[in-house]
Amino acid sequence: MESDDPYPVKAGIFFRVNPVKSSGDTARWIKALQKLELVVAIDTQMSETAMYAHYILPESHYLERMDAISVVGDTVSLRQPVIQPMYDTKSGYEIIQGLAKACGIGQYFEFTMEQYNQAQLGTTGWTLDQLKEKGVIKVSATPPDYSKLPTSSGKAELVHDGFAMSGGTRVPGWVPPKTQPGGDKLRLLHGHVAVHSNGYTQNVPALYARMPENELWIHPSVAGPKGIKTGDLVEVANELGKERLKAKVTEGIRPECVWLCHGFGTLVPEQRLAYKKGANDGALYPILMTPVTGALGQGDAVVTVRKVGD
Amino acid sequence: MARYAYFVDLSICAGCESCTVACQNKNGLPPEQVFTKVHREEAGTFPAVTSTFVTTQCMHCDNPPCTEVCPTGASYKTADGPVVVDDAKCIGCRYCITACPYDARIVDEDERVVKKCTLCFDRLQAGQQPACVQTCLTGARAVGDLDDPQSPIHALIKKPNTIQIAGTSFFYRLPEGFARNVLPADFKASGATFAWQSIFQPIGQVMLAGVTGALLVSVVSNAINARRQQQEGGEAHGDH
Amino acid sequence: MAITKAVLTTEASRHEGKVYRFNLAERIAHWNHAITFLVLLFTGLGLVIRGLSTVLDREVLLSFGQIHRVTAILFTAVTIPVLFFGARKAAGEWVRSSFRLDKDDRKFLLRFYRDFFGLPVQLPPQGRFNAGEKINSMMQIIGWPVMVVTGWMLVYKDRLPQGLAQWTIAIHSVTALVLGCAVLGHIYLASIHPHSRPGISGMISGWVPSWWAKGHYRKWYDSLQK
């Protein structure tokens, strides 16, 4: 998006994702989105990414919609609506179907989600109505055959040309991270807690009341010299951004690291409860693609920490 | 008649607080008011650190001090064990809050009553599980009838590291690395409550009755005396 | 004392055969204390006697609680300012003398039960307040701050440390019961008991019969003559 390389990107449709909050370098994402001619967001609530959309297509909440059946091994489960949509929203599929029709390819989407799921269940002998009643069913399935893996040799391969082609080496080797803790720099770690889900439940009143903001976990040996006690307001900063949140002094963190729970520091004023509560880790780690797997290098960031209040 | 006990296996509690929210939902509580709480305990120094979640709520004590101090009898212990509040009798005086050793009660300012966990007494009577037990994602919570030999509760409370909070209906299974002190304390009767309920109040009532009795005797004996003086002639001593 | 004498001389005709015992401020302070105390005792009983909830419904008990707190403001804030501005000297004397029991007072206390039950007795001469009144006064002077302090603490009882809250409840309640006993005796003696009830006019008009003052408060009566 930034460099028009290998080709210019003019539009982006963001479906149930919120990269501005959750895909690193918030500031960089915002700048890039502002370059696009068309930004469309499909989401169940106003999000940091949706704030920069030209069009928002509000999706029905999961309790209001039927999704495609979910299959894990021999277990099939169904997400079905328990209430009618409360507001003017559509399910994700209905949105896709509507867009397809507007683009002139509606003929490929002339079915309902019910019909789609019924068709998927066809070979199992179960009907959609039965699945609706049970919610989760076990179907007969061919158990996986682990005696032969889907590789060229049929075995697990620890040496592979593919690794080299993907930006690594034929035998995966240690690639040091771009940042290292040391001096006054601490590695920034983040994760999740059981009370909230990723970056989208912070504004739910019942969950907000359980955990309204995140805290920075910091080891006593680091907090002590900085005069930081649990509950003090601290500023976490690196070249990508600055965030403020309360500190939690704990033995449960490596002394050279700090940790915070992902999903806070909401920038969306419409999320009236969660707005500006806690800090957003996404503002502090870089948009980095790890070699071979292509995963987001979220752990590759270091920060300074200083006390700014009691 | 049953004898309900509550078992929580803290070694598998995930700290998700679904129990808290399910309870709020069932009892119509706003997000800021809770009957059941979850907090995190940590032990050790880095790198040998361990943590656990601990859940607390009304312990449904064997001899609840809250029912003892309640002036209207609104707070009472049911025959099956759960301690409940009858909203129709509660006058919101909050004596029970001062008496509860486990900080289990809240005030509903709008209805002017005090509320607490009822062990989902109504659900138990309907053959259902309490909301927290049904919701618990890891199956850490269980309620059972100790007087029912078939109840699964018997096997649960025999699990290793299980401790009963003495004087209450609660059993906790402690995770490795944690001592008894992270759990709620054993029930201990309060000296002040005992002094007021069992000593001062009865003595005070006896005193009041005694004084009233003495006054009545005085009225009678003075009347007799006045009449005797009149009969003997001369001025009555009364009004002199 | 000077005021008492002046009133005696200027209003001699209206008050022939009477002596002035309590001025307006003393009477106002007394009745404020008495009425607010009785209201507080009555409404407070609802929180102590469990059986009351079976005869009084919830709305009544809730209103008892509200009346109790409003009345407590008057109980707390009126008595002392009235005494301070209207009868400072007399009130000061009263407080001091209440805690001084001389030989006559002690003899009085030992013999009073006979008077109480109408048996013949010779009671020693008393000052402005007899020994029984001094005992009651002691109880009021000590009991009032105990009730006021514990009472206002109880308004915030769910914010106090629990042990403190529980003891505050116990002290507030037991002191109320003790003062309740005292008030029962006091009201009986002031209004029913034949030997003492003539004194009630002292708390209404301020004046009491001279013969009664001379017979029951000899040392005070004599000091007025000087």
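Going in written order, the chains are labelled A, B and C, and every chain counts its residues from 1.
Note that in this section a residue touches a chain if its C-beta (ideal position, glycine included) is under 8 Å from a C-beta of that chain, and two chains touch if they have at least 3 such contacts.
Everything quoted here is computed from the prediction, not taken from an experiment.
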Where subunit A and subunit B overlap in contact partners, by chain label: none
Per Cα centroids, the chain farthest from subunit A: C
Interchain centroid distance [CA atoms averaged], subunit A/subunit B, Å: 45
Chain centre separation in whole Å, for subunit C relative to subunit B (CA means): 40
Interchain centroid distance [CA atoms averaged], subunit A/subunit C, Å: 75
Junction residues of subunit C, two or more chains touched: none
Touching residues (chain side subunit B, partner subunit C) in the complex: 69-74, 88-95, 97-99, 101, 107, 112, 190, 192-193, 195-196, 200-201, 204-205, 207-208, 210-212, 214-215, 217-219, 221-222, 224-226, 237-240
Of subunit A, residues touching subunit B in the complex: 193-195, 205-210, 219, 250-255
Contact footprint of subunit B on subunit C as seen in their complex: 46-50, 52-53, 58, 61-62, 65, 116-119, 157-158, 160, 162-163, 165-167, 169-170, 173-174, 177-178, 180-181, 184-185, 188, 192-195, 197-198, 211-212, 215
For the subunit B and subunit A complex, residues of the former touching the latter: 14-17, 20-21, 24-25, 31-32, 42, 44-47, 49, 51
